[in-house]
Every structure is written in C-alpha cells, then in structure tokens.
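In the two assemblies presented below, chain A is common to both, partnered first by chain B and then by chain C.
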Partner chain A sequence: MIAAARTGRWRAYALIAPALIVIAAFFVFPLALSAILAFRATGGGFTFDHFIKAWDLYRTDLIFTVGIVALSTLVIGVVAIAIAGYLTLGEQPRAVAILRWLYRWPLFIPFIVTGQVMRTFLAKNGMLNHALIGVGVIEPLQAQSLLDWRGIVIAFVWKQVPFVTLLVAGAMASLETQHIEAARNLGARRLRVLWDIVLPQVRGTLLVGLVLSFVTMLSVLSVPMMINPNSPTMITVDIAYRISTLSDYHVANALCLMSLVVAAGAAWLYLRHAAAAQASGG
Partner chain B sequence: MTAAVRARRWSQRLALAVLLGFLAFAVFGPIANLFLWAFAEKWYFPNRFPQEWGHSFWGRVFSPRGGAVASLGTSVWIAVLTVVLSLAVAIPAGYALARLKLRWRGLILLAFLLPQAVPNLPVYVNIARVFYEIGLNGTVLGVVLVHASHGLVLAVWIASAAFAAVDASLEEAARNMGASPWTCFRTVTLPLAGPGLIASAIFVFLESVDEFTGTYFVGVPDVTTLPLLMFNASMGGNYQIASITALLLLVPSIAFMLVVERFLKANVLAGVGR
Partner chain C sequence: MHVRSLLTMTAAAVVFAAAGPTGAQTTLNVVTAGDQNMVDYVNNYLGPKFEAQNPGVKVRAVGTGPGDAGSQKIYEKLSAQQKAGAATWDTDVAVVHQRGAATMVGDKLLLPYRNDIAAGKLVTRDTARNALGANVDGYVLPMFHSQIALAYNPDLVKNPPKSFAELTEWVKKNPKQFGYNGVKGGMSGVGFVMGWVEAKSGLADKLEKGPYSATDKAAIDKALAGLKDFNKDVTLTPGNAGTLDMLNRGEIAMGPVWVDMFYTWVADGKLNPKTKLLLPSPGLPGQPMYYVIPAKAANAALAKKFIDFAESPQVQADGIVKQFNWYPGIDPQHVQAKLTPAEWNKLFADVTPDELAKYGRPFPLSSYFTDIVEGYERVVLK
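Right, the complex of A and B next:
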C-alpha cells in the first residue's frame, strides 16, 4: 500500500516535471542571469557600478515609468469599479446589457495593436481631436497631439480596463445578494451600497487584477516605443536601446533589476493584503 | 407621477445615454480610426477624413514584397508549434495538479504563476543572449520556446481547473468497470475536460500570435512575425501598412473575445488557481 502510494506520487511528479523544466530553463534561468550580469564587473567580480550608471543616466525615466504605471493602475481601478458596479447594481436592464456588450472589446487586443490604434487616434490629426472639434469642446487651433505620457496612460487604460472589469464583475456577480438588497430596501443610495457593501467583499479580486496589470504594464515595450519614444520615456525603451544599439547587457540588466524591484513592491502590497485578509478570517 | 419626478427620470436616462455614448466612442473610436487609415490613400492634416480612399495599400501589403502573407504564415506556424508544445507539457501537469496528491502543490502552483507575475523584459533580453550563443536566435524553434514558456502557464492553470471540474465519480465508475487508468483518462476525463482544454489552446495560440517583445529580441533578424511587420511599418511612418497589419491582428482577438464564454464555463473559471 505504502509502496503503491509512493509510486503514485512519483508519477505525479513525473507528470509535472516537463512543464517545470520548461519554466526553469526558459524563464527562471534567464531571470537569474539578469541578476548576475547586473552585478558583474567587466573583468569578473562584484560591482555596483552598473546600478550607479543606470541611476545617473535613467533616473528620470525610472520615476517617469513608475508614475505612468501607477497613474494607469489607479485610473484602471476607478473605471473598472464604475463599470462592474453598474453591471451589478444598475437598474436599467437595457443599459446594463449594452454596457456588458460594450466594455470588453479591447480584452484580447494585443499591446502592439493598441499602440498603433492609439498612435492614430490620439495624433493631432486623430479622430479624438476631430470629435472634440466637432462637438465644439475645442477650437481647431487648439488641437494637440496626445502622444506623450498621456497617450501611454490612455493606451494602458484602454487595454487593461476590460481585464480588471471582467475579474471584478465576476466577483461581484457571485456575492450574496441579500446584504445588497437589504441595504437597498433600507434606502441606501447605490453609490453607498457599492462603496460600503460590495467593494469590501471584492477587494481581493480587484487587487489581484490591478497587481497583474501593474506588472504587465511595467514590462510593455511596444506601447511606449510607438507612442512616446523620446526622453523622458519608460525604462523598457531604455533597456531595448542599451541592448540593440550598445550591446550593453550590464546596464540593461541593472535597469531590469530595478523594474523587478518595483514589481516586487506591488506584489508585496498584495501579499500583505492577502495575509491581513486571512488573519481577519476574510 | 408628478412632472418633477418624470423630469428627473428623463434627465437620469439622458445622462446614462450620454455616458454610454461616451464609452462607445472611447472603445470604438480608436478602432474606427484604424479602419480609416487602412482605407486611406492620402490623408494629411488638417483634413478630418482621408482626402482619397482606396485599397491600393492592401495590394502592397499582400504582395510578396509586402511580406504580410509570409509573416502571417510564420506567425501561425509558430503559434501552432507553441500550442502543441505547451499543451503537451501542460495537460499532464494540469491533470496531476487537479487529481493527484502532491506535497508542494502550493509552491508548484506559484512556480506556474511566475511568468505571469514577473516583468518579462529581463527574461527576453537574457534568453536572447543565451540563444545567440547556442545558435537559437533568429530561429523558429527559439521563438517557439520563448512563447511556450509563457503560454504553458496559462495552459497549466486552465487545464488544472478544467480537470478539477470533471466529476470524479464518473472516473471511478469507469475504473470500477475495469478500465485501466489510461483508458479512463482517454475516454472519460479528457473528453469531459475538452472545452476547457480547447479554451486554453486558443489562449496560447492567441498569445503567441500577438506576442511582440520576446520575438523582437529572440526572432531577429530572420523571424518576422505579423506583430514585428506591423511594428516596423509603424516605426517607418507607413500608417496604412501598419493599420492593415494591425487589422489582421485584430480579427482573431475580437473573434475570441466574442466566443470565449462558450468555451470557458463559469465553473471552470471559478476553479482557476484553486
């Protein structure tokens, strides 16, 4: 019996091994390499020089990157809560149906296509400016290109909102409706119900969606390259430049490690929340 | 009903309609702009619409020199190989995670989360360097390996959820009637988990077709997929060619968005990551 259980367990590990090997060889190994190269001096040995150089050269871009990604994450969170909230609490069935059909179109559109789409839409001659002129919000002479940090934020929000909304709306749909209905019967306004009753219960899901979006946006190369390649820009562009043009793997990897630290910070925020939720039995 | 209440209700409806209209413009405006560019022969500032319409750029994109057909072929070929490789390792792993006893199950699940939760650029940059040294850079195999290491993560999670959603008593019934574990898996478990596995295959396929950054570093200089073709056209300032290629990439993404729920049942979705 014990022997049988043991062979059973071996079989389980044997089934998992190939997948783990692929991840180890083509994901974990290059990641470890990144850490090694970032600290290795040209003649061998350990050094912080690459980090100092990276910080001197790309400090602004690093701050710019964190700012853009943080702002995008914030906007994504607000819009996703608004859409998911209306899908859950909305009273006009037709409006809910239209919204449900509408919000998810960009869900699987890749970042590179988003970049191209926004490059045309937000340009000086883009549809956004023409629409604003058409409805009289701005004068033709006020038309300006949004292809700078604003363009990157708009592209990120456009692309990531459906993903986070899908997760959050799914979590909201699986909530017990009794509390919500009780609060509504007591006359609570919808915004109150959303804020006080619905949102606390889906906070974990929202946070997962936002952390995953944050990390994804942090390593997107195509969108900043297509929308705002000039300095200040995102460090992904700098990393690509260090490698394609200068073959400087050391500074590039120092920048990579910096972005990993930022991502780890986001993950830490999430884990702290998860631990707190577990401690309070939630 | 008093006039005041009625007026308030109408103003609410109007506000709702305006909001929905605004959202519709935000979602479809950018896509519509792409369509305009794809059919514009000539379009200079400050004209609101193209001065000349036509489809001569379509001919150029699809001509042998345009390279769209060749890159489409490369993209699809790479995606098919990625799906085969990903599912070949993800189906056994997903089954083991869903059905068999594992001591470090949590840790293993975490390992399969890694490629989704860590910025990918460092990985692509360094794997390209390694591949360059062993001659895998610029080869289809190299690109497939990079795509698969990312795609199989999704595949493992969905496959594991799909297997977990299969009623275990059906498997037991088959085993009790004398079916071998392999026959049971092949004739009972696999067909029942089928829709979920197809969904994961489509996911992996789409991710591979759309992938840009990894291909950008590992594929150079010989492997040109559709996203790379689009990127080069766009950076070269050729908006028509870039827009047409972007439209080609848009079709599978939107098609999948429209049918995804048919494949991913709620009970499977709820089980992802459990």
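Right, the complex of A and C next:
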C-alpha cells in the first residue's frame, strides 16, 4: 500500500515537473542572479554600496512610487465599486447596458498607448483643458498641465478600473439575489444595499483585484516615462535609466530588489486573504 | 496517374532545390541604434538602392531603440557572441553612438575598415578618430553629425539669449517659458545639462579633452547647484519629442532640441514653421552616429561595400542632408557640390556653418559624462 502511494506521489511530481522547471529556470534563477548582482562589488566581494547609493539617490522616487500606486489603487477601488454596484443594482436597463458595453474598453488598450493618449490629453494646452475652457469651467489662464503625478494616477486609474470592475461585477452577479431583494423590500436604499449587503460578500474578490492592480502598476515603465520622467518619478524609470544611460546593473538590481519588497507586501496581503478563505472553507 | 504526378512533383522539387543556390540571397544584417528614422533610412532609402546595385543581396535593418540604450543593446549582443566563442556573428553593419563605439573598440568587438574603402578618405572631422576621448581611429566612419540647439518661438521671444549667461537672466524674467527634458528623458536634455556644466564650470576644454581627474567633481557639482536654481523657473518636459510638442502647443517658448528632429518636424507639419534655432555661446554638444563592422561579421566584405556606398557624396547629399536634415558625416565640401545652393542653405538657415564650427561641441569624456549625470541626480534632483 505504502509503495503504491509512493509511486503515485512520484507520478504527481513528474506531472508538475515541466511547470516547476520553467518556473525555476525563468523566474527563480534570474531573480537569484539579480539579487547576487545587487550585492556584488566590482572586485567580486560582498557589498551594501549599491543599496546605499540606490537609497541615497532614489529614496524620494521610491516613496513617490509607493504613494502614487497606493493612491491609484484606492481610487480604482472606489470607481470599480461604483461601476460594478450600478451594473448590479441599477434600475435603468438602457443605462446599465451602455455602461456594461463602455467600461471594458480600456482593458484592451496597452499601458504605452494609454501613456501616449494621456500625454496630449492632459497637457497644458491639451484636449482636456480646451474642453474645460470651451464649456466655461475654467479660464484660459487657469489651465495647468496635469503631466505630473496627477497624470500618472489618472492614466493608471483609467487603465486598471475595468480590470477590477470586471472581477467585482462578476462576483456581484453571482450573489444570491434574495438578500438584495429582501433588503430592498424592507425599504433599504440602493447605496445601503451596496455597502451592507453586496460589498461584504465580494470583499475577497475586490481585494484580489486591487492587489493584482497594485503589483501591475508598480512595474509599469511606459506611463511614467511618457508622462513624467523627471524627478520625482517612479522607480521603474530610474531602473531603466541606470541600465540604459550608465549600464549600471548593480544599482538597477538593488532598486529592483527594493520594489520587490514593496510588491512582496502586497503579495503577503493576498496570501493571508487566500489562507483565511481556505480556512473558512470559502 | 499517381506515379506520374508523383514524378512531376519530385521533378519540381529538384528544380526548386537546384534553383535555390542561384536565386539564394545574401542577407546583409544592419542593426541600428537611434530613433525609428534610422531604421526607416536603411529600409526605405539606403537598402533598396544598394540592393538594386547588387543583385542577390537583401538588406535587412533592425532598430534597437533611441539613445545610448540602443547602442548598449548592440554592445551586449556582440559581447555575448564574443564570449560564446561564435565563429561568425550575425550582425554585418551596426550603427552606434560614440559611447557605444568607444566601448566596442575597447573590448575588441570591431573590425578596422576605414582604410579599406574609398570613402574613408572623404572623412575629415576629428570625430572619425576620437570618440569621447577614446581612440577609434580606423574602426568608425560617421554616418552623419547631429547637433543640439535651442529652438524658440520668435513671436514670443523677440531678443533670444545668445549665451548661457543671458539665458539664465531670461529665464528669471520669463518663468516656466524655457523647457527641457532633464537627464532621464532623452539626449537633448542630457546635452543641455552638459552644455550648462561646460559653460558654468569653466572646465569646457578639460571635460572634452581630458585628462580625467576625479577632483573636478567639486567644480561640476558647483555648476549643477546653479542648475538647481535655474530649474525652479523652467518647465520639465517629457522627452525629446515632449519639448517639441510643448513648443508647438505654445506651452513653452524655448527649449533644447536635436536639429535634425526639428527640421523633420517642420517638414512634416508637426511644428510651427516660424520656430527658429540658435546655438548659444559657449556651445551645446552634438554627436555623430558611426557605421561600424563587428570583428567577426559574416559578410564583412559586403559590409564594407555597403558603407562605402552609404558614405558616397551622392548618398550623403540625397539621403542624409535632403531627406533627413542631418549634417553630413563626410567632409561637407564633397557634399555641397551635389546640392543646389537652396538645399544647402536650408540646412544652415538659422545656425551658420561658422557658428556650428564655433559652438558645436563634442560631448564630455565618458568619465566626466557619468560624473555630470550622476551629479545631476545628487545635486539637482534631491
């Protein structure tokens, strides 16, 4: 019996071996190489110099990156809940249909195109300001360029909201409708139904969507590069700059490891949630 | 029937196989750093002309991206093939920046070829021998020279500043009207920073000719401290094209740009044709792009022929000057003869050849270059 169980186990390992090899060769190995390079001195010894330099020069950018991505994640959460909530609880079938059709568009547009579009849309004499001046919301002299941290946040939110909405709206659609109907029958307003009945049940999905967005945005180079490559900027621009202008892989790897730590924070949240869900049988 | 059709097919296969070698094409692989216009130049202009002269040859160009990063990718590819001990390398001709060429010559990745081709004698400028202080004599031929200059809108700027000192004054009086792209958004910004340090540190000659000394960092940092102050009144733009975009939309009135990009944008209707150029004293940097041949290029002989063709006065006149608005890579006197005075003057309308000779400077030596961009991050950005 035991021998049979053992062969069964080996067979299982053999089945997942190709996947494991791919992960080891293309993810774990390069990651280890990058970590080693970040700690290696020019002579070959061990050193913290690259981290000291990275921290010294790019501290502001690291804080800026975390701030931008955290703010974007927050806004994405709010907008995604609003859209998904309306899709689930909206009472105007036509409005719901139009919204359902519209909200997914940015999903199919790459980050770099988003960056390019925003670059002309948000400029001082760009389309947004022209429109605002045209309808009389602002005076021409009040027009200002949004091509700084605000531009990056706008681009990120625009691009990632559909992704989170897709997940959250899917989760909301699969909820038992009796709860919602019961609450409505007892006179609860829609906002209250969304907040008290629907949201608690899709919290897990929302968290997963936001964590995945957080990690994705952390690694985007094209958007900050096109909207605001000047200080302060996101850490990805600094990494690209260290490599392309100075061919300095050491400091670039140190910066990569630093952003890995930030991403690991999000991953920890994700795993904790997954573990909790498994423990509760969800 | 079956046997017959089988026979026909076999015969056809044999014919095709036999036709293979005679119709076989030699592919000349050209890898170029720089913007998309470099790839377009080879694929749409140079390649077809060379193929027409050399039946059986196919020219294939691949781009590796703008700035030193593009040259760095070519360097990494050649270096990897060298370390792997490959007998032949799959790049026949590469087009690289000065820093890239200097590194490649240092690592013995290139083939000396200038004396093997006729056009080698048409090149006179110092850049054919010296790349940022490194001796590249024999290994390179400049494809073209490009120059950074200040573009300005004459409607908004009646008396443009003629020097860095006047520019500093002007920016104080006209806050946010001057824009440049820092050091992380492309070479026109980097070039402006180099020009600033050369003008304000009093080290211009030493930065360009050496010898390098680490103690100059103090003077560089002092010049950069002034730039930090200057930056308070300027607009930072997103990239080389970003500066031109903002000029065109009237968001800034002046900024450093690549001269060739400037003329191309004007020709394409992407920039107000009234916009003008000027070179402030004591100057802004420019650089050539080099044609190089990797040490173990599979088709080295053909590569030499290709470069000889690309450096011929006719191609330099029609392609480099007329189509792409670059300054010629070979001595201009050979090119001028192939152009009408109007075509020639268009290139020098705002910046005269005299000014170009006086204020068109090389980039600083590699070590100084690194000190300056790192200093910029330490002093200006923090």
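Throughout what follows, the second predicted complex is superposed on the first by the 251 of 282 C-alpha atoms of A that agree within 3 Å, B and C clash if a C-alpha of one lies under 4 Å from a C-alpha of the other, contacts with A are read in each partner's own complex, and residues count from 1 in each chain.
By our rule, contacts are C-beta pairs under 8 Å (C-beta built on N, C-alpha and C of every residue); 3 or more make two chains touch, one makes a residue touch a chain.
Owing to the predicted nature of the structure, the values given are computational and were not obtained by experimental measurement.
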Which of chain B and chain C A:G43 touches, first, second, both or neither: neither
Which of chain B and chain C A:G187 touches, first, second, both or neither: neither
Superposed model, chain A: greater residue contact from chain B or chain C: B
Touching partner for A:N230 - first (chain B), second (chain C), both, neither: second
First, second, both or neither for A:I243, with chain B first and chain C second: both
Touching partner for A:G126 - first (chain B), second (chain C), both, neither: both
Contacts of A:S259 with chain B and chain C, given as first, second, both or neither: first
Contacts of A:S145 with chain B and chain C, given as first, second, both or neither: second
Partner chain(s) touched by A:Y13 [first = chain B, second = chain C, both, neither]: first
Touching partner for A:P93 - first (chain B), second (chain C), both, neither: neither
Shared chain A contacts, counted only where both chain B and chain C touch the same residue: 119-120, 124-126, 225-226, 240, 243
Complex contact set, residues of chain B against chain A: 13, 16, 20, 23-34, 36-37, 43-48, 85, 88-90, 92-93, 95-97, 100-103, 108, 111-112, 114-130, 145-146, 148-150, 152-153, 156, 206, 210-213, 216-217, 227, 230-231, 234-235, 239, 242-243, 246, 249-250, 253-254, 256-257, 260, 269-270
Of chain C, residues touching chain A in the complex: 67-69, 72, 181-185, 190, 235-236, 238-239, 242, 245-246, 249-251, 370, 373-374, 377-378, 381-382
Contact set on chain A toward chain C in their complex: 56-57, 60, 119-120, 123-126, 145, 147, 225-231, 233, 237-238, 240-241, 243-247
Chain B partner contacts - residues on chain A that touch it in the complex: 5, 8-9, 11-13, 15-16, 18-20, 22-23, 25-31, 33-34, 37, 92, 95, 98-99, 102-113, 115-121, 124-128, 130-131, 134, 140, 143, 158, 170, 174, 211-212, 215, 218-222, 225-226, 236, 239-240, 243, 249, 252-253, 256-257, 259-260, 263, 267
